[in-house]
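Per-chain residue numbering starts at 1, and chain names A, B, C, D, E and F are given in the order in which the chains are listed.
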């Protein structure tokens, strides 16, 4: 292949490539925007979590109090 | 005492050729960049070490039956290692910022112009005597502009294995140089007022959206660009494992044990391609120049796209974000943040820049798919 | 712009055949079951994803040189992946409850009747035109009744690789459905008084017994059933590493790093066998029906055996325990516990059910060995 | 092979299979019972353990979690 | 009921030959040493288990397509597993003590006399009818004196694969026996006054020195002994990852996930070489005797060298340190410390003994390289 | 090869091997000693560290003391 033909082909690739990339990612923009419409926000879940955590994580409240006070102590001393 | 003579005839000193010494110096420079300059050390340290090992005369690490031979053929020739890395990167990536503001995908698309313009440039270089890049070579070189290591290695292993070493080294080096390469271009293309634009806070993204996102990306890829599905598919698998929340063991394995082990071997295997024969050529010089050009053009086209979108949105988009579209996660996003802060000390762009940043990863995987489909 | 045409001719849209779309829908259903319904997500998520990847037209992930091709041939064709999973499961299994009450092994034996009855049923299905199961096929299908994923995959890869996808999917799906399938059968075969039987507390088991147990199991297997030694041997190796207490690094690797990485690839490889050609057949329907039958018979025969043992012991054994003999660790044991609590809120059977539960793992590995030796 | 022969063979497999499984696991029952006779209980070891634990293990995992979260809290607050 | 007969004809009981029983007993002894005596359990447990698995009649784990076959051919025949272990060991080794007192390298050199003297001894054994060791065999056996498991396995897999099982077992067993073998030799060759010599505190070593050290070792190896670069190179890669401080993820992977997984498979693969055919021979007896001799000579020559250095330095070097030069890290160093404390309860030699101890690792890798170059 | 020749060769290997090992490790001794001359000690770095640590490592000794006391409190309360 001589260089002019190669350059033509490269130019063609450039055009086709950029079109494809924009088509693909543009389609994704639409898809994601559509998805957002049909997906409810997580707000209830976020509200549930603080209540649910203690059962999962089982941090003894006494211990938390102790540590909180320790950290407080440390801060005051600083 | 003929044994001592035999040993002497086996020594490296006796066998050295200057080219091997030069390549070992190249390896040493990569180690220096990795350890002292902290340039992408996770990759450049094993690559540099692999380059040294590969060029030892009479050690045969690169010959059939040698360690580097196995690592290269099992891991890179097959395409497996870059795909595993991509799975791990997917498991480490949070698409929240991009889902909250999907228009950022256009910035990830625009920045890929760096790839395709460089492809043209590489072919144009053929007018200079000594350069004879085929379309395959040019495509593999151009992908450096995607600023994504595993994508570059994957494409180069398919299209131009003889250039793999130089391409991988250029890709990772320039990714590490993002904080030097990008700011002047970003500043040249924007005004101080533009750089000072503050952006609205991103909406919170629901768990369901995050789970669906990798599946939708995979769906689009299946429909439009099957050639990109190995890369995009493994990336989406990693991300789905992360976001689904039901396979934390596997997600952890992908982003920790698997990716760490693979990174060592991938680096050694890339290093094994840094042999004098393939590296000490005029092409390598061309690759280094073209890689820098690709990064610069990608940054520029991203910023220009962001300027256009900024105008169209009535000034709600900071054009600096466009620079993050080249990927180089998370370096490019940090650079955007830094340049933004210089213009306005209250302007924190990091979270907003993560959107185009991860879009750039998808963009360059798509570009790789296009190149595979058309010249592969 | 012929490039765009080429790309168009490469797209999935252009190439789709309806069968591939159906198989991708099957993959999507598996993902749904894994993520939303939390059915054995560790396996069904990678299997579902693998099914989608394997059916992408024009992507070639399943062809020679493609990622799924490598994963299948390296990991499953060789039998290596299920064996590594078995080693990990061994390293995670505590045989304490079984050693304390070894008679529970009879429950693990009885529940294997699900396997052998289903084998007979699969052959009987041949009277219906369209079904032509060989003895090999029937054996591979019947092992679903063993309620043990890696055993099913190992046996199917040896006896009937073309049915592997459907068998693995059926096995893991029914394992996840244990809480739905078992309770009605358990309640139909027992009276409320029987279900309310409390059991004596288990004696403590010494460390030495726990160390010797895997060695004795291996010894029995070597003497009586060498065909089962790959499965039983790796299981015992894992368990010995766990209980010996001197190789905690290795035990941890087996039950964490190795099993996690292998699970991802095993799932993808199984998914790669979910191609239209092999899955969209009448056989698959037969496999799904037979699998459910196998589970039901296994549960029933376990419970009946437990009833017999309960009578013989003068009512000291709760017959619900028999249901745990199908394995499906630890789900079946949990189901036993739940059904027991319904009959008597003070009746905690979980620890007692772990005995027959792990006995069921051994039982199905033994059954697999018998089938390998006789029809393999 | 015609279906009757296959069914016969399947029936035979069923019988042989169940016999083998029961033989194998039945043997194990005997073996494990025998083992129990010759293995002394861990009682001394069990008695040692509670005393030994604090030196080996010293930090209750729950406690570690508690401390980690406390430190995290402290850092976030900083 | 012909099925039962078929099964009976398949049983291990029906097929056993006495040699296989003996080899399984050998495996059981190794398990005993590993679990009860805690002799190098990380290796001896999988080796012992592998020996049992490999000798099961009719199971075919060692035949083409069997698990042990794959593990051996992929991991040891290729040399990959010992090299990965060496990388991990490098990542776990702190060369600080050696850099602070580099003269300790001479002790690591002197202790290698155990290797070369044993090579001579192995050839001399040929005068006894029944022994016919070639130079390759003798070299592989002699490396046991290097007291370094992966080096021994690597060299044996290259020079004398048929002796690999016995050599590996001897190497690890004697490494575990260091606390029994060394003290009498150390005491016989030193006076109580010498053993009581206290040494000056070691100077602190800078981070830069620690980073440069593995590179300098690699450089020396490249120039003088390319045949040793696979071993030394991977060792230095591991150490550089450790000391550079920029790739902690990779360093952690090398010294944890990778080495643990590889250790299991390496052990199984070595065990698979413990078949009656290769192990129940007169040669094995010779190997066991020669291995013990090699350890003893290595210890002795190390101590004598240390005595000479002690005299030359005017009594500033404790001659016990020479015993640590055989490597067997960190056991030999601990033995030195213990014997030193017996002579003087205030004399803590552990840190000082780490210098010759790690020097011994380099020394035996160099010796392996010399043997590979001259008889390989 | 007859045994005398083999023994000669083995003796030769012994000599050559020990010379090589000593040459190699002896060269390393010189190299490491030379390196030590050109590498400044880490003393400035060591001095820097304590100052730098709090930002990296954040576990201030005071904080540790505070937490230790919290843990003690927790254990006593248990």
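For this structure, a couple of remarks:
The criterion applied here is as follows: contacts are C-beta pairs under 8 Å (C-beta built on N, C-alpha and C of every residue); 3 or more make two chains touch, one makes a residue touch a chain.
In this text, all values refer to a predicted model and were calculated from it rather than measured experimentally.
By the document's definition of touch, common neighbours of chain C and chain E comprise B, D. Path length between chain C and chain F in the touching-chain graph (shortest route): 2.
Chain centres here are means of the Cα atoms, and by that rule the chain farthest away from chain E is A.
Counted by C-beta pairs in contact, the busier of C-D and B-F is C-D.
Greatest Cα centroid separation from chain C: this falls to F. The centroid of the Cα atoms in chain A and the matching centroid in chain C are 35 Å apart.
Centre-to-centre, using mean CA coordinates, chain B is 41 Å away from chain C.
Centroid to centroid, with C-alpha atoms defining each point, chain E and chain F lie 20 Å apart. Residue positions of chain E with contacts to 2 or more other chains are 3, 7, 224-225, 257, 370, 374.
Shared contact sites, meaning residues of chain F that touch two or more other chains, fall at 13, 16-17, 20, 63, 67, 70-71, 74. Chain A meets chain C in the complex at residues 12-13, 15-16, 19-20.
Residues of chain C touching chain D in their complex: 98-99, 102-103, 105-106, 108-109, 112-113, 115-117, 119-120, 122-124, 126-127, 135, 138-139, 204-209, 212-213, 216-217, 220-221, 224-225, 359, 362-363, 366-367, 370-371, 374-375. For chain B in complex with chain C, the residues that touch the partner chain are 78-80, 83, 87, 211, 215, 218, 222-227, 229-230, 233-234, 237, 240-241, 244, 246-247, 249-250, 252-254, 257-258, 370, 373-374.
The touching residues of chain C, when paired with chain B in their complex, are 3, 6-7, 10-13, 15, 24, 28, 31, 34-35, 38, 41-42, 45-46, 49, 52-53, 56-59, 61, 65-67, 70, 256-257, 260-261, 263-264, 268. Interface residues of chain D, counted against chain C in their complex, comprise 3, 6-7, 9-11, 13-14, 16-18, 20-29, 31-33, 35-36, 39-43, 45-46.
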